[in-house]
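Structure first, then comments.
Chain IDs A, B, C and D follow the sequence of writing; residue 1 opens each chain.
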Amino acid sequence: MKQEKTYKDAGFGGQVPRGRNPALIVIDLSYGFTDAIYPTASEASAQIAVTNSLIAAARLRSIPVIFTVISFNKSELDVLPWLKKATGMKALEDGSRLVEIDDRLDREPTDAVFVKKGASAFFGTNLASQLAGAGVNTVVVAGATTSGCIRASAVDAVQSGFNVLVAADACVDRAQPPHEAALYDIQQKYGDVVSSAEIIQYFKSL
Amino acid sequence: MKQEKTYKDAGFGGQVPRGRNPALIVIDLSYGFTDAIYPTASEASAQIAVTNSLIAAARLRSIPVIFTVISFNKSELDVLPWLKKATGMKALEDGSRLVEIDDRLDREPTDAVFVKKGASAFFGTNLASQLAGAGVNTVVVAGATTSGCIRASAVDAVQSGFNVLVAADACVDRAQPPHEAALYDIQQKYGDVVSSAEIIQYFKSL
Amino acid sequence: MKQEKTYKDAGFGGQVPRGRNPALIVIDLSYGFTDAIYPTASEASAQIAVTNSLIAAARLRSIPVIFTVISFNKSELDVLPWLKKATGMKALEDGSRLVEIDDRLDREPTDAVFVKKGASAFFGTNLASQLAGAGVNTVVVAGATTSGCIRASAVDAVQSGFNVLVAADACVDRAQPPHEAALYDIQQKYGDVVSSAEIIQYFKSL
Amino acid sequence: MKQEKTYKDAGFGGQVPRGRNPALIVIDLSYGFTDAIYPTASEASAQIAVTNSLIAAARLRSIPVIFTVISFNKSELDVLPWLKKATGMKALEDGSRLVEIDDRLDREPTDAVFVKKGASAFFGTNLASQLAGAGVNTVVVAGATTSGCIRASAVDAVQSGFNVLVAADACVDRAQPPHEAALYDIQQKYGDVVSSAEIIQYFKSL
């Protein structure tokens, strides 16, 4: 209650504009995050199905569908500080099955795939340039994990000059409290957290 | 319990190396975040006192002390998407008292001050270059707010190639649940969340 | 002759699209580059007059006019590697007259000013985000110096996803051969090098 | 003569420090730049031989050897503004022989390879983070082309906080005047332009 008032008084939680030129960014739905045989992964079947419905809606309006994966070459494994803290991420090695995008996703060969080396889809990649070059003004985010790469990508998307929408039911995480805390922070400060149904409606309206 | 095991199995929560060349980054302790007369601010007296003890320890070892502030010029107010979501941040205008660093901090005229336009101290600033140029390998973070700029800066610091330590008792936020959720995520994935006493001990050991 | 054919065969020298939403970026026309009493500066009266004609044309169409300056705080002077190579740039200190934008320029208080720490207007600044947030797709560059900051900014502008036009007669340099070599490279590889008259015509057409 | 004096007075042409932890960056020596059957390429046999001597010297001191290639996916071909100006670069498609690193180079499987989408090895890549994480302070640049990607990478390296050395006889370009103009500008403003013999001596001294 008090927190709600504090945040409202601080001017958070506004509604972001839905631009005419969105892009759909599907974050890190490679087997290392979607196949529960790997300790870094979670059960993600439901979110993959929802993401496919977003992808289908995007195709109908020729909205760009962009994928990201985390993948490391050997020279990075002992060098990047992130891999000293999050040592499990070292399993995401170039050429391994963990860095292959889950085959259940309706990906097309012409979709862009950005390889990243950290949490954010924008950090150390050319994604912001590609979006600017394509005249994109609004970014819809889905994928894994909510409290990790989704959140970091949402923060960087709005910092990069794009309106941000996060499709809550298309976001997967390893545990519920961090998932919910991340969606709360995003909704308050960085982008609108909405249902995939609302995103599909928005895409259809274009 | 289950979450703890899931995170441990995923290889999170490692201890990051304490390098020989740290820097102390004091995030956004301007009046807009520290003087509770402003709706964007929180009571921060305790954290400012703790930050000053970190600054004092840094001075003894000639460790760089770097400040950041958020400050916008008029041309940005209607343009940056972040200010459509977090409309309260528009109050942080160039020249206003809200963007002045709190005078209670033991700042020296030669300390660097980086002006930023979003949550992360690294985004859209020259901070990573300054750290690389100074041979810094480890970044200690303090300031405001834990779930906002501290967290975003910690994520970007480790992505930028630096080990990250966050001084928990030097971090202030508007509400306790986001503060704790942010420290949890940082400790698991991006940097070590420690006490200021431990940071001071580390600085003394150099 | 041979060089022309080599470059044409390599597929350089194309014409870049003129977008509907340009911005005018005026690079580093502070006294440190425009007042010949400083060793870092050149005689720039003619280029300032031309730049003012570009600014006037931009105002008529509400095209954003953005300025950049190089300015260093004391903590940067001994740290940034650039200042070990280009030691003369150390004179561009915060608060000095060298970092003030030349008063002969028709600047308005609401124009954005980006402070940079290197050659490129985009490096270590929030400029790309501001342009993306404003829906800009084409960047017109003028200012100083052609072979230094103009060229670096043109390269980064096109890398950042924006079409680039350089107003040749609004660009000033310390010597003619580097000025011409830079314009040649830009015209071949990064953006269209045109006259200010052509830019004004383009602005009027919007 | 006059130009020399102007540049000297402006404080250019300083000597950059040679740090204890260098890295060797081999820029864009893929077949699209080294096999003259492609219109984007130049005869590069001599420079490849020289680069191999730099690589050999780096291996003796466990100095990181890093390669870059330009390579585009289909979604980028119609979107990136650079490919509208430098249309010949569109031939550098993912999976084509043009984006394979020339087999004559003494590359090892553990060497990092950064894929880039523009002129600079740093732009839109994780290279600066990898260098910071590895504690690198000095960057040695070789490859193709001098006036394009070498120069842009040298500018970004020094902007990113690293001292820059360019091995002149390991740099190849399509024509002599732009090659020389680029080396002149680099030597004056961004890094030391030296012979590979001097680089090898420097590596040996470590």
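Here, a residue touches a chain if its C-beta (ideal position, glycine included) is under 8 Å from a C-beta of that chain, and two chains touch if they have at least 3 such contacts.
These numbers come from a predicted model, not from an experiment.
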Taking shared numbers over all numbers used, above half giving same and below half different, the chain C and chain D interface sides are same
The larger set of C-beta contacts, choosing between A-D and A-C, lies at A-D
Rounded to the nearest Å, the gap separating the Cα centres of chain A and chain D is 33
Chain centres from averaged Cα atoms put chain C and chain D apart, in whole Å, by 24
Taking each chain's centre as the mean of its CA atoms, chain A sits from chain C at a distance in Å of 35
Listed in rising order, chain B residues that touch 2 or more other chains are 80-81, 117-118, 123-124, 129-130, 133-134, 159, 161-162
In the complex, the residues of chain A that touch chain C are 128-135, 137, 159-162
The chain A residues in contact with chain B across the complex are 2-3, 6-7, 9-14, 16-17, 39-40, 80-82, 84-91, 117-120, 123-124, 147-148, 152, 155-156, 158-159, 161-164, 174-175, 177-178, 181-182, 184-185, 188-192
Listed in rising order, chain B residues that touch chain C in their complex are 64, 66, 73-76, 79-81, 109-113, 115-118, 123-127, 129-130, 133-134
